[in-house]
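Chains here go by letter, A, B, C and D, matching the order in which they are written, and residues are numbered from 1 within each.
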């Protein structure tokens, strides 16, 4: 695994726990974690339960005892590492976004397909029980024809102008701001749930143009410099309208300036027969409404997706005992490792990463042009 | 009508509007309102739309042009006025509590029955659409056998020790505190929804024993005296356990010290097939749960009781346009006037007032004794 | 008053009750209601409490005993009646939309200003206590600089394809569909709360193109023809992005196809210091979040706007006793009549109706063009 | 560790993950898990990550390489194992209830104190961030004097009469039903948050007296016998009133018949200055209300206890990324292991287990007697 910060911790936890809660056709062995700072990566290896560590990802990629590589380093490093891993015949599991731009993402997909290695991208929210339930409701036809899709992904960690200039705020490292970081999740969920985008039109803002430099690299929690400032080169917020290929209307908004909203990743989907609504801050719950209920008794149901019937839920605790954010990673790792072991179907792959990137770039192009842009055009 | 303060306003509004929203077999004519303070009652008559006023209820009772008397004066006056009205052959509609104690309440019921006049007591919450829906769900058997009944009626207007000593805090005028004022509503709703009480055991508190005297009599909003204090002679809060005759377990709590709860009149009823929950602060909504729903899709439904199918709702606005607190008075007045005009069935009557009083007094007796008390015993 | 259906009932109720709950400098006298169908309007006059009725609005306008005219007939009649009333020197209070299109609306505004009569438009939601609280929070600076405005107005009465072709679905009578009917409310609230629109881009849908004809004209509740169908000539749903002149980003969606949402008129406003959220289905509540709260205790507060401190709330019931949809009409009528009587400031006027229409038409133009459209351009 | 079913899994997970997320003064080494069924316990050892296993707890207790024993076998085995472990000088961490009855519990406490070993009882809910926040709010005086404590612990897994007779329904193994299993949690939380009980009075029910026997011992999920039935010898539901030593009034209800409620462990605490409310089904959230907030802006705040300021939350994920049920076990294990390693203060100990048992038995005694019972009396 390359990367040992926020995502490194979440992924490590998943590898550590997956065998305990799931019956698997392969046992995960946590060989080595990799990062440039030896002290930091060594500590992470100990803490997270890795057998060893490397400070150069090239060495990691070259090791014979490793079958697959998990890449969760900052976004600008994804492409180079992935291409090398693919070249070495390793299976690759990559954090989103796949790459800094669409052409890089396409290159990665092509390489992986050519090499015949298995590949996945970590759109972890697909794998929460309530989201799986949403998917099964839609696939069963219980919502009917889809008319509306509305998504928000709202955070507020940038509303304080003293929040320092982390790597996520620099275009050359992160590629994009709220759009690529969190709209990406919303776009993937929409594709997963109701299908492909046709065209989009958007707008964005960088509300605070300059921020204090970061004096240490301790992730999001680093100290702000009292004196030096740097330019924010990504968006603080991006919103867009979408037409889907199935005729549905869509609205998406991602912001890091949504005061009071901490991780408000929501979708609401209206169909001709019903509606569903979900919110990551209450990720165990799905609200559902069915028109076929008796009119005087119809209403939004709060389904607590912790029943044995709910996918993955039975692997954890009895009904009503909720799970948390990190469980999505355990589930996606379970599915990907099963895919490696048994060739069971797996999505999302690099192809989904590319598709997501197409929508992101179509939105950016629409902002540039001030018009609707067809996703197929980018 | 006797009384022109908070309840006088609510009742007047109901008489004023009922013909507009309901098709009735009789038209309400608002003849006269009565109160001791001529200036105050004259102003109320003008404001609320009464044809005239009286300052002595004996005169009101003696008038030939009046068919029925609405009594919403302070509780200690109910009995005398009601007995006189009954003696004069008037139909009587009385605010709760019927009287200061059970024997008075029984005397009033007996007098009304003997005289053959029609009588009602203003347990207005029965007549809200969501409560009517609760009733119809239970009566239809959709909840199955009832196991649990839990009620709260929580307010916080006394938690400030400077809140003055209003008439509602004096035993000789009000009869009781939170218990008689708001537990009375919960007891009536429980009887309406699931039936009679078997036995009870309770406890109570007067958290603040002395309060500033009221310098003017402007209802709850009067000024507190800076210097003089008086003793609070009623309970601030009363809670009790109940066994129902149908075998259900019950819990009731009423408090005027429930910080942050303004009018939190709730019930939650668990049956073998389903559950319902209601809250007066969101009085248009009923939460319902049915076990027969598919396990993976079962959940509490938030039913917005504003559909034409919901009783009384169709008389107001289109679906989703909510109604408020005072609408319950319009509905009960509608039913009572129809009862007068057409002899249609009507409850709650004085008999329900007596039943409620029995439960209240059984609880008080249980507090005195420190044991369970059978309601039939009082 | 011209009109006696849904809005006629809501307005009549307001005129009937306003003097009871508010201290006013003028007493409302309900002279006459007007409609083309004599039987219908006579019944409405009786029911709603009008002194008399007219079947020709020209006669109403000509009457000397009438100071102001309330127009709530179908939208296509607004202009002609309003111009005649203005010409007769009457003050005019008009339902929204002001007219079928922007040029008509402008003509009406110009006529009213020239004649020097007082004019108002019935954007009733401005006058709910929780919305007034939102306004006062924003004006006090407690939200800081506004970054995001998100509005929904969602209903579902058209999702059933058998719902008949009411007048609201015909462009020649209604002017517009969900856009003009309910986005209009959202646009007005946004202007009221955070100011003027700069530019917009939108999309819309008519999901069901043909519907059964209506066999009777009993409003929305009429019977559908079993055999004959007609074309729906307005939008079922319209959504748009907006840039505000103050730099805020906006998102608006109105739909009559949002299954399960009955009257889901919401706004959420993120500022640099706080956030507020409101929902018409729980119209007594305002959710507020303040960044200045201690971090470990910050959270969205559910404020129940029923305290005496909340505008208009003190005129009704004690704290915690909620009000309903129609109360907004009472409040706007109170303000407009006070405006007539004392020349107190009043908004929204016809000027606000024009401004709203400008945004509506800019959105429609953006849909035609597929690009952003400046509101000043229309 | 003795026990390898539901609690065995939860505890194992805690030992496995605690070093990853917390900086500790000792590393947990998972030596051996113990159970009577060799096949089952061997599988559990593999799955849960234990170095080895034992089939006889006497052997486990005798091992020199083990410093402390975790007991989560069925309740009837707690005492014997704990006494043996204590005799062997091991530290002991025991699932609740400590024992089947009060005298056994007291014997265990006495033995542990005499032997000078460290002891803990697994009241895991104390250790959730939102509950810790509740505690710190109360301790800081922000709620003022406590007036009311209301707790529910509601589940519905027994409402189906076909749910089989698991060990938790037999008095000789479980000691008690809903009362000892889930009221125990509520009692402990109340003691943790507001202090000791003075006196209690309660009632209970066994709604379904006979149930199908269990054909296999696969925990709660076992198969019901089609033919044989056995008697349920514990309560399905128990509710009680309480007076606290600090003068507060309390209400507690535990039920396994609360249809629709899956794990509805809640408390609501009203003080003279504020109120807090918590619900295990949304365990990351705490609702708080402060009277000192400006009256027009006061309301229940939904605090998402995922900020770095919230105890334990910073060890997991960024703000807004929620945690689940099992995290409470990680936190209690962290505190207990730190207690072993550094002698840091730790509660709850066996003394808390005894105190909880006293309240449980006082309630049972009150049910027998039909009167209030002083907790000091038992």
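Here is the rule we go by: contacts are C-beta pairs under 8 Å (C-beta built on N, C-alpha and C of every residue); 3 or more make two chains touch, one makes a residue touch a chain.
Listed by chain with UniProt protein names: A, B, C, D = Gfo/Idh/MocA family oxidoreductase.
This structure is a prediction, so every number in the text was calculated from the model and none was measured.
Trainee: Chain by chain, through touching neighbours only, how many steps does the shortest route from chain A to chain C take?
Mentor: 1
Trainee: Across the interfaces A-B and B-C, which one involves more C-beta pairs in contact?
Mentor: Counting C-beta pairs in contact, B-C comes out ahead.
Trainee: Compare the CA centroid of chain D with every other chain's and tell me the farthest one.
Mentor: For chain D, the chain whose C-alpha mean is farthest off is C.
Trainee: Nearest whole angstrom, what separates the Cα centre of chain A from the Cα centre of chain B?
Mentor: The computed centroid separation for chain A versus chain B comes out at 54 Å.
Trainee: Express in whole angstrom the distance between the two chain centres, defined as the mean CA positions of chain B and chain D.
Mentor: 41
Trainee: Could you grab the centroid distance between chain B and chain C? Build each centroid from C-alpha atoms only and quote it in angstrom.
Mentor: Averaging C-alpha atoms per chain gives centres 35 Å apart.
Trainee: Provide the list of chain D residues touching at least two other chains, using ranges where the numbers run on.
Mentor: 261, 298-300, 304
Trainee: Tell me, which parts of chain C touch chain A in their complex?
Mentor: 147-148, 150, 152, 154, 156, 159-160, 201-203, 205, 207, 237, 239-241, 243, 247, 249, 251, 253, 255, 257-261, 270-275, 289, 291, 298-300, 370-372
Trainee: What residues of chain B sit close enough to touch chain A in their complex?
Mentor: On the chain B side, the touching residues are 133, 137, 286-288, 293, 295-305, 307, 309-310.
Trainee: Where on chain D is chain A touching in the complex?
Mentor: So the residues of chain D in touch with chain A come to 6, 9-10, 12-13, 16-17, 19-20, 47-49, 155, 157, 220-221, 261-264, 280-284, 304, 306, 308, 316-327.
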